[in-house]
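One structure is given below, represented as structure tokens, and several questions about it will come after.
Letters are used for the chains, namely A, B, C, D, E and F, taken in the order the chains are written, and counting of residues starts over at 1 for each.
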Amino acid sequence: MRKDGRNEAELREIEITRNYTKYAEGSVLIETGDTIVLCNVSIEDGVPYFLRGQNKGWLTAEYSLLPRATQERNIREAARRKLSGRTQEIQRLIGRSLRAVIDLNKVGEKTIWVDCDVLQADGGTRTASITGAYVALVDAINYLLKEGQLKENPLTDYMAATSVGIVDGKPLLDLCYEEDSQAQVDMNMVMTESGEIIEIQGTAEKYPFTRDELNRLYDLAEKGTAELIEMQKLALVGE
Amino acid sequence: MRKDGRNEAELREIEITRNYTKYAEGSVLIETGDTIVLCNVSIEDGVPYFLRGQNKGWLTAEYSLLPRATQERNIREAARRKLSGRTQEIQRLIGRSLRAVIDLNKVGEKTIWVDCDVLQADGGTRTASITGAYVALVDAINYLLKEGQLKENPLTDYMAATSVGIVDGKPLLDLCYEEDSQAQVDMNMVMTESGEIIEIQGTAEKYPFTRDELNRLYDLAEKGTAELIEMQKLALVGE
Amino acid sequence: MRKDGRNEAELREIEITRNYTKYAEGSVLIETGDTIVLCNVSIEDGVPYFLRGQNKGWLTAEYSLLPRATQERNIREAARRKLSGRTQEIQRLIGRSLRAVIDLNKVGEKTIWVDCDVLQADGGTRTASITGAYVALVDAINYLLKEGQLKENPLTDYMAATSVGIVDGKPLLDLCYEEDSQAQVDMNMVMTESGEIIEIQGTAEKYPFTRDELNRLYDLAEKGTAELIEMQKLALVGE
Amino acid sequence: MRKDGRNEAELREIEITRNYTKYAEGSVLIETGDTIVLCNVSIEDGVPYFLRGQNKGWLTAEYSLLPRATQERNIREAARRKLSGRTQEIQRLIGRSLRAVIDLNKVGEKTIWVDCDVLQADGGTRTASITGAYVALVDAINYLLKEGQLKENPLTDYMAATSVGIVDGKPLLDLCYEEDSQAQVDMNMVMTESGEIIEIQGTAEKYPFTRDELNRLYDLAEKGTAELIEMQKLALVGE
Amino acid sequence: MRKDGRNEAELREIEITRNYTKYAEGSVLIETGDTIVLCNVSIEDGVPYFLRGQNKGWLTAEYSLLPRATQERNIREAARRKLSGRTQEIQRLIGRSLRAVIDLNKVGEKTIWVDCDVLQADGGTRTASITGAYVALVDAINYLLKEGQLKENPLTDYMAATSVGIVDGKPLLDLCYEEDSQAQVDMNMVMTESGEIIEIQGTAEKYPFTRDELNRLYDLAEKGTAELIEMQKLALVGE
Amino acid sequence: MRKDGRNEAELREIEITRNYTKYAEGSVLIETGDTIVLCNVSIEDGVPYFLRGQNKGWLTAEYSLLPRATQERNIREAARRKLSGRTQEIQRLIGRSLRAVIDLNKVGEKTIWVDCDVLQADGGTRTASITGAYVALVDAINYLLKEGQLKENPLTDYMAATSVGIVDGKPLLDLCYEEDSQAQVDMNMVMTESGEIIEIQGTAEKYPFTRDELNRLYDLAEKGTAELIEMQKLALVGE
């Protein structure tokens, strides 16, 4: 049994609220346990310089922690006038993961901005961002389809992300912050509905880990992302 | 009658939610109409360099718009690597206004951070930030008193802020974005419970305005801030 | 009687020198007491991106303190690689105030740069900047008219700015630095020749102030700006 | 058979030159095929602020491409005045990987700087950086031991890194740039001598990949890193 | 005969105004023809980190062009958020040149800031800066001596700077902007009273130049700096 | 006799390796004693904004020290997010010197990037950069001629650079770091094959120097650059 009463292969409670703000083409507030992320998807005409004239779209993501999303207040990156390495790593991961399930050739010269702003952080903010942003992306695509701005749906698959890790020698699904800070292995996985891998990132925080441990973490992640995709589908039912 | 059915001297609907996030010493979500601001107050030990050794506290504010808080997505200031003049002006106003109702000599060498992050912007974000931040500040001070970190309450007065303006020749209270963008005079006022002025900032957007118009705007602002202070008090009743 | 022998409603001595430098289309050195500001107005073809194709002009202002304009040397903003909030607030105020008396639709696609560089600061640098810049703007507009680059005069009114404040309980006109640093209320007003308001910015530095005090400060500011406009007119007589 | 004549499980030719420059405590030039990286390890007294007083060391890495290390010249990050996300991601990976094989409690309050500068890039620069930096780290540690600045060897294991990927449906070891740019899966693995995982990072560039493909890539990486560790050992024989 | 009536070995008219501003320990406005530079010298307690504890002083210089000091307005470096290479080159030259005539061991742990701000630029701004800053430095040192903050005078020599160049094949002393922009050789020299060299910087703008030409430029510079030193001495007579 | 056995007018040993990297149009590794610089010349279509439409080329240089090129590690300028004054001064010197021997009117709208990256620094890095970059430039020009991208050779002369200085009262050719750090005069000269001056930069590090000393330094530099040009020619023989 874990601190919060979950068993090893159990996700935290998930809440997915669509249309959280009124301006964004897709706007989702995702809560996984005490982690809360606002995922807004915006559509802009035009693409960055390096893609012009190719009749292709672009999708890019930005991620930020509000200053008091964390236990101790963290300094705003705007005030520091630079993005931390951690932030850049996470926003690259979010963008890359979402680009894996969209055919940008079907989007035309549009830019899809994905903004993930963490209101409260209790572990797993990057995977919650991906899982929530996917739902907001579906909403934004549906908006474009309804408006006639897209002819066909460019999305190619469902997808979700979760964290897994080894704490006190035990593989666990969906680490909260306290577990994460004690983990000896920390792994983030982004997977499709059929359990294929979009991204796997595993780090030995304290000791190297074995192939067998990798396999056990894989099993947990497969189970977790499958459940998350179910919840995404439920949230997407009905307007 | 205004677009949204209000009369000239009527505030938009206000919702004040305390304890919105779990880490901050004071955390308030304020909604005024469709403007939504998360106001978090954090307490840190120590003061900036220029105040050290004076046994005084410091209070400073930061303000930010989430990228899709607005109708068109705005570029993150962290990505631009600089704060806009507008942002700096607003955060200086928030900090100055709150410092006017707190005796920092009673706070000891602590820094009070006030973070106002706009989730959705529909006019009046700076005044909503001040009004909400005041409530979060009360909560943070009460926390310090309860923890025994403060001996006496350093707050000296109630306060709230509102915008007033002249649209189509008519003085109006609490402008929404659409009204604000057509206003010929735009004024922000921060006032105490007794109707005294903490800050007055009025700008002729299209034509200079007269002393008589200033007086009529003053009347509206006095009424509006008095009502806002009533709502702050209601929100602060009970834990 | 004040430290420098003035009465409460008396401006400091003003000197306005036109054509101070030889390159700028308008170049004014304004001295108000020991505050010295060089106000240069430059005309450039073209407008910023957001205005292109609208056949309108643009006016923008920049403000800077030379490093030893002040009692203690201040670090150059170029060396810090950022503009302070104070600088941005002031340059926005200067630009906004001047835009209130010029019809940019009559200027064509030109940018009017207003550079206010403070050589020596003894209080009231932002209001001296506005008052001096107005004269330099008149000279630059006259230059454009003479050169046939403008058909009609786009200026719509005279204007000047002054500071007022409450020191030791007494409302005073045109504060020097020493008075300013002890003021309990500090207010800047930009007004037209007819006494209408372009901008009003009042701040309670120590205690909130009353409506009655606001009215007394208004009276002083009205008197002061009227006198300043007289001096601008005198300076503008003859080439 | 691959373009350059290798079979699927074959590394490119490796050259490890120790003591490449004369100042650094450890200095290795590593060439893997046409990829050339200079890995310098520097020792400095003191640790960053957040570690002071804990009697622990710190290891941090920086990575950079020379402007013409690539086919097209890339703009210097110093000229852009920011680090790209890619650079930050890579230098965080290098640092994290090396920290996994050193016990910083045995280092005292010293900072170990690892600088990986890519002179020529033909794929696999981040894994070559890690493999080369490890050898330079061994040299720097041996220098400290010989100088009596360390009492015992803080290194806990051998380690090396390699890239693997799927190109045209086939799993390949050690991708060159041309292969890498066509890969549908791209994976970097950092492993210990016993084949345990320090870091695994796999990305679906075109299509999601299966667990079976992951396993085949793992096999290749295990073989490759084992061979690289043999070459590191050979290079380290003798002074 | 040159455009402005001077012969080849003739300086432009020089005006040196001491005590131009009231706060700086040394404040000189130097005008050489139409080039106008404000040179302020400020004294601060303390030295930069790398000099602490050595009981030595430090002297450093900063240089800036006001935006409309030039024929076309130039963008502020504070707005660009970086110093140009030209600015950095010039301020390094000014600082190095002045450090050559002061014994910083006699100054104690003080920092001497030299600020050269160009109000109007018509060629030779860097040499005018040096020549004017030297006079301001003398005033600042005399102030410190009078205040008893220095025991003995740390200045070791007189010095001045001038530009020389070859225009249309003819060596000329003290180029104005128009001459400078056509020069085929451009040389700046900083010299002592006895005609020794502190700094020589010569550049072939169009064609390489010969040793003979170097010698003729040297002669001109020697004459020019000797005359400038006479004018500095005259300016320094009397308070 | 000097520390390293050279006499006063003797260069350090020189090694010039052409085609050091495979991508650059010209790539030279130059070693002068223990100073090692990689000089890469890249050709890009197009010119900077200020030159467009003039059918002229542009040549610009960048210079950087690798972090551990020096005895103590120096912080990367990319990490500091600004270029030091020293770096900017050197890269301006390299660019200006090379532009003196190329007729950019014969290059068309191309940009020639010269990148000088110092792998190891033992004095004279800027002059080694110029001497090596000249050879890389010849290779890049020959490449363009061979490819038919240029009709005629735009190079107008041979050129090389060396440092000279006065150490312990004695004029020396080609200072190593240890000599340089003790020099009382430090001078860099860039000269053509015929001994004419492209650039002369002499600084009194400790005491002003005399005209006679300047002449003796000139003699040494003339001898040194003539020898360097011989070595450049030898290196350029054959492919």
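Here is the rule we go by: a residue touches a chain if its C-beta (ideal position, glycine included) is under 8 Å from a C-beta of that chain, and two chains touch if they have at least 3 such contacts.
A quick note: this is a predicted structure, and the numbers were derived from the prediction, not measured.
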Lowest number of touching-chain links that must be crossed from subunit D to subunit F: 1
Any chain in contact with subunit A as well as subunit D: none
Farthest chain relative to subunit A (centres taken as mean CA coordinates): E
Distance-maximising chain from subunit D - centres being C-alpha averages: C
Separation of subunit B from subunit C, taking each centre as the mean of its C-alpha atoms, in whole Å: 28
CA centroid of subunit C to CA centroid of subunit F, Å: 51
Residue list for subunit D, restricted to those that touch at least two other chains: 81-83
Ordered ring members, subunit D first, subunit F second: D, F, E, C, B, A
Subunit E partner contacts - residues on subunit F that touch it in the complex: 82-86, 88-89, 91-92, 96, 100, 157, 187, 191-192, 194-204, 208-211, 214, 218
Touch list for subunit C against partner subunit E, complex: 21-24, 27, 34, 36, 38, 40, 42, 44, 62, 64, 66-71, 73, 76-83, 113, 115, 117, 119-120
